[in-house]
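Listed after this line are the structures, all set down as structure tokens.
Next, two complexes with chain A in common: one pairs it with chain B, the other with chain C.
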Partner chain A sequence: MTEALLQAVLSGLAVGGAYALVALGFSITFTTTKTLNFSHGEFVSAGAFIGMSALFLFLGLPVTSTTFGQALPGAGAQLIALAAALGVMGLLGWLLYVIGVRPFAGRPGMAWVMSTLGFGVILQSIGLAIWGPKPVVVPGPVGDSVIRLFGVGVRPQELLTLGVAVVIMIVFDFVMNRTMVGKAMRAVAANGNVASLMGINTNAVMIGAFVVSSALAGLSGFLLAPIAQASLFMGLTVGLKGFSGAMIGGLSNPRGCVIGGFVLGILESLVNLWSAQWREVAVFALVILVLAFRPTGLFGKQMVEKV
Partner chain B sequence: MKLSKHFLGATLFALALIGVTSFLGNDYYLRIVFMMCVYYLCAAGMNVLVGYAGQKSLGQAGLFAAGAYAVALLTTRTEISPWLALVLAAVISAVCGVLIALPSLRVKGPYLAMVTLAFGIVVEKLVGEWTDVFGGAQGIYGIKALTWNDQPLTPLQWVWLGIVLCAVTHLLLRNLLQGRFGRALLSLQADEIASSSVGVRVYRAKVIAFVVAAVTCGIAGALVAQQNQYINSDFITFHLSIFILLLVLFGGAGSQYGPLVGAVILTIIDASLARWPSAQHFLYGFLLLFALYFMPGGVAGLLSKWFRKPTSAPEASSAAQGLTRIGPQGEGELLVAQGVTKNFGGVKPAQNVSFKLQRGHIHALIGPNGAGKSTMINMLTGLLDPTEGSIKFLGEEVSNRPVHSICRMGIGRTFQNLRLFADLSVLDNVMLGRHTRMTNGFFATLFAIPSARKQEAATRARALQLLDLVDLLHLAHQPAGSLPYGLQRRVELARALATEPQLLLLDEPAAGLNPQETAELGALLVRIGKCGVTILMVEHHMDLVMSISDHVIVLDYGIKIAEGKPAEVQANPRVVEAYLGVDEPEQATAST
Partner chain C sequence: MSIPTLFKRAILTASLVAAATASAQDIKLGYNGDLSASPSAQSGQAAVLGMEAAIADINAAGGVLGRKLTLVTRDDTSAPPKSIQNMSELVDNEKVSAVFGPTNSGNAMAWKHIANQKKVPVIGNVGSGTDITKPMSPGADNYMFRVSMVDREQVAALMAYVKKNTSQSKVIGLMAETTGYGQGGLKDMEEIAKLQDIKIAGSERFGVGDTDMTSQLSKLKSANVDTVVVWAQGTPIAQLVRSMEKINYFPLVLTSWAADNITFYDAAGKTLAEKPIFMRTVSETRTPAQQKLFDRIGSKLKAPGSFSFALHGYDSVLLYAAAAKQASSVDGNAVRLALEDLKAPVQGVLKTYEKPFSKTNHEALTAKDLVWIRWKDGKLMPYTDPIVSSLAGADFKQ
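So, the complex of A and B:
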């Protein structure tokens, strides 16, 4: 029993790491531009598929193939694929900001909800046209042999996901709180107009926010693909759970978002032990519960509208 | 009458459609027309939610599923009549609508959109994975179709039923949206705080909007399930939610015919691209991304630019009217604040403040910036609750009551930074003020019973009267946001008066007005005072305060430092000190 629990917690932490990355992505764009990327989930899928295509190219397979067969990409190939995924996703984030967010940001009516949603639908339909709806098994960069840890079996990819997520969080936290770039981002978040009067290029900061946020989504997709197979539909639930994590922790607080992501991953994996069907329902029930008592999340700041 | 003319038009249109479809022998075309009707139903309800209430719901597929699976389970597991099942499906969807609306009581904007998205996904997962009940991808067979004379409907009859349902939905929703409810929904979309301050029960209105959208969507789902006699989890996808949203946005959110235009065009596109699903999805994504950019009003918005109706003629002044009586006459204490204290952490904008407002007087609340004047107004109107102390209006406690109910008790207000519903006409803004004084309920409005229509007419007449009082009658049909600043202030004043306040709170009514306008405002306030309205105003223009007020209260750093007649206050050394600092007294005689 304890082994099963420990197993569940460990894999929950790994998936939670991916959720935390997604949650952090939501938090970054929300604090700087007051907008969210409603196709963040599709960006997760896109990250997985771009990494996968890079691996195909490296192995000399056509991009449109849907299986790796016996081929196993080396560590170098995986690193290049990671770089490609991050780079392309960053570019997509920039594109999304320019055509989908900037024209609508700060205006009433939340038209950006529709435009970012539409962007994701386009990405997904392009993916479907190329690869079709079937999921693809992607080989992990650290092999697929199970490691024994505290008496339970863990896949190395899960440990890698957890490790990478934790490192990214620490680096991000350091950048936000200790560097000039981080201060600029927080200044834009607090008040964009005043920040621009102080000589901060708010446009660049906002573009940067979308680039970083999208790259994080791509990263979590890249890390999740070997765990759960790459699928064009994997992103929607990952994105939603990432957002749920962010809501639980508080969208305005990056550290809270990270904690929320991990909490959600563990909760989901524990509920899964008991009943797979109710997994999603339990997750969203928790979100509703948190919102009912603390609408701005557990660690979020109360927002007061001045009258 | 205008209403019956529209009724006649819609009926004739529906009959004509029924006639035309009778000659469509082809089942494929009949199917397309039927789907148009189904999607129109979805879109018409969704328009109430998205176009009027301004709530983005991304989970309509969940409500579609609620209706579809309700009829499926009801007719396969019980023996009830298919017609009754259809009605029950609508009820069940309404319950789901309430469920999805509950989070809206706590969260707004993007949060809410994400919650509705999650609702849609949860339903999608449930019907897909809980195979014992919902059958998953296998689906549920043998759903009983609607019957006529004990025979299942023919394809043609299905189309007729669809057309009749659409026409009825259109007429009912038109009744709802053209009067009290439509205005209330539009106002909460524009500004929830202002909306509740004129007495709109914001949460209730939102829940109603969600329920209306849920019912029409549920009926649409039930019709599809009953017509196919089959439903499975492939029907309920995220793309359906997006499609329903797109019907409204592409057609024209907030416009009467937008959903119709959207349903017709998009159903045709959907049918012609059915063979290439990824092209279909690509197009929807493309439309979502760019439609709002190139045509914010949707197709209906573009069309209305070409067929612009001549703007209604300005209202003529209904001759010289005597003074408009608003509040009851009388004397005595109207409002008593006792020991009111408010803490925001370390900031204390009110500390143990007590004062009384006399009926029929013009009171002024003055003090330097940061003295806590606006906070006091916000506590009196319920936007903030005092940390300690009591506020009694006509002997009843005000604090801890919701904003709309305080408005109903008879306290009206204006805002320091104007909060008009900028896109609505001046007349609609003022009519909204009378929202709480109208007694026609949801169903009375829905079915446009005569008393509801009478209420509407009375409200309109009253609003015009008030516009006359503030000299804005000639601008009644202009959008409020297009007026110059000084006139907007007067619109807000008229809106507050329309709530029939006994006490009117004005937060810096003369801010941004030039001396000429300020003098006019002073005269107007005195006129309003004579109509039986007690006034409490926060103001910095001392000449205005000193010339019209009967009684002045002075706050400084949350403490009441003086009150009394204007002249007494002016001479009070503590007041002078608060405004000008400690200095030689003879230098500080100036009134500002």
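So, the complex of A and C:
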């Protein structure tokens, strides 16, 4: 029984790592622009496909291949693919900000919700036109043989995702709280006009937030592809669960987001151990419960409007 | 308007009218299913390739009732509302004589009332949901036929295997994904287990996008389950066997036919992919007629495994053509009655159909037509063992 419980916790952490990365992506744009990229999930899928296409090109296969077969890309190829996923997705984030968010951000109304959602639908349709609907199994950079710790099995790619989520959380936590850039980002979020008067280039900060958030989606996709298979629909669940994780932990706090992601992953895994059909009920009941008692999440800062 | 222009337009109009009358004599067949949007689109594309091949062959031999067959395809992108809309369009605007498809069982359930109300025969060649071919009410005229796998037939065979495998299968567990497909299969499995008097020690569910099912498997493991029957799509079955490896638990695994998908093989990896046993309408060892068809269309298939749907597609059109010939009409009701009572055997690429349908049976392929399959070196090879060879008609209960 202990073994099953330990396995459930470790598996939950592995799944939670993916949620945590996505939750961080939501957090960055929210803390600077008070907007969210509602197509973050589609961005994750897009990142996976960019990385996968880079690997295909590196191996001399056509981009639209549907299987790697026996071909195994080396470390160099994986690094280039990672760079491609980060770079292309970062650019897409910039594009999204310019055409989908800037015209509407800070204005009353919810136009940016629709425009970010629409951007995701467009991305997905383009993806379907290029790659088709078939999921592709992508070889991971750290191999695929099961690692056993205390009788509990986990795959190296899952550990990698978990580790990356924690590292990125620490970096963001540091940047947001200890550096000028972080201060500028928080200032822009608090009041764009005042920040601008103080000499902060608000436009650059907001672009930066969307670029980093989208690059993070690319990273999530790149890391998730070997675990879940690259598919244009893979981002949907992760996007929703990642957002839920961010709501539980607190959208405005990177640490909270990651903890929220992990909590969600472990909760799912433990509910599976009890009765899997109640899992979604348990997850969203928790989200509602947390929001009812702590609207800014477990670790979120209270919103104080100074008048 | 100058005279030459007028002349040109007159010719254009005349040729358009001529084209319209010419095509009015053709027999239009419709295809309504996923061709682009989800993993099942591969199956739909393969079915259409098979149908096109059959239509070409029939037309080359003079057509049906002296008329040529043509195919109108409509992509339903796996979405039920789109599929319903396609159905109305095919029947009301395109005036098709019969409809083939769909890929998703749920979509067939969403529009089967249309086929029955408008009296348009439908021959399914992909979706395997058990209830698709059931009449709307007991004894009612039923226009839904099928040349494909049927979930309940597979379940019947898998459960018969489990029942006979007394030496190895002592404690049985069931697993299914939480989609309509998985839950429908789970219901079939539970019902047939009851018929076969098989005691189920545990019944577990998982999400279609889950990447880790170790928790559910740990439960079965601690209940000493030695045989698991799984109902899910290819990708989650792969995640399931990968999770089995994590906790080093390898019971006997019997699955739905979705494990034939190349995605399953890729995701599970060679060693793990060779664990499950499942059923299909055909293995990758082909008869000469099947090989001939494969040589014609194989290069256009997105995945070689989807070739079985091309075979279903081919045979479904042949059966329709035979029924229309027998009825000497393409009237929906006449064709339905002919399908339910085909006098002459139809030589298909899967098998020879002798009285494939009746008033009550609308399935051309049943448990005894299915073959046992296990992946071997990246190929879908026929699987056999003493239990498989000893299974007889009386063992299949449903």
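We take it that the second predicted complex is superposed on the first by the 296 of 307 C-alpha atoms of A that agree within 3 Å, B and C clash if a C-alpha of one lies under 4 Å from a C-alpha of the other, contacts with A are read in each partner's own complex, and residues count from 1 in each chain.
We adopt the following convention: a contact is a pair of C-beta atoms (placed from the backbone, for glycine too) under 8 Å apart; a residue touches a chain by one contact, two chains touch by 3 or more.
Quick caveat: nothing in here was measured; it's all calculated off a predicted structure.
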{"item": "Touched partner set for A:Phe119, first chain B, second chain C, both or neither", "value": "first"}
{"item": "Touched partner set for A:Thr237, first chain B, second chain C, both or neither", "value": "both"}
{"item": "Contacts of A:Trp94 with chain B and chain C, given as first, second, both or neither", "value": "neither"}
{"item": "Touching partner for A:Phe58 - first (chain B), second (chain C), both, neither", "value": "neither"}
{"item": "First (chain B), second (chain C), both or neither touched by A:Ser269", "value": "second"}
{"item": "First, second, both or neither for A:Gly153, with chain B first and chain C second", "value": "second"}
{"item": "First (chain B), second (chain C), both or neither touched by A:Ala228", "value": "second"}
{"item": "On chain A, positions contacted by chain B and by chain C", "value": "128, 236-237, 276-277, 280"}
{"item": "Contacting residues of chain B [partner chain A, same complex]", "value": "54, 56, 58, 102-103, 106-107, 109-111, 113-115, 117-119, 121-122, 125-126, 129-130, 193, 238-239, 242, 245, 249, 277-282, 284-293, 296, 374, 378, 383, 415-416"}
{"item": "Residue numbers on chain A that touch chain C, as the complex places them", "value": "1, 3-4, 7-8, 11, 14-15, 66-68, 128, 132-137, 144, 146, 152-155, 158, 227-229, 231, 233-234, 236-237, 269-270, 272-273, 276-277, 279-280"}
{"item": "Chain A - residues contacting chain B, complex", "value": "30, 35-36, 38, 99-100, 103-104, 109-111, 113-115, 117-126, 128-129, 236-237, 240, 243-244, 247, 251, 276-277, 280-281, 284, 287-288, 291-292, 295, 305, 307"}
{"item": "Touch list for chain C against partner chain A, complex", "value": "36-39, 41-42, 178, 204-207, 209, 211-216, 218-219, 221-222, 235, 242, 245-248, 262-263, 266-267, 269, 302-303"}
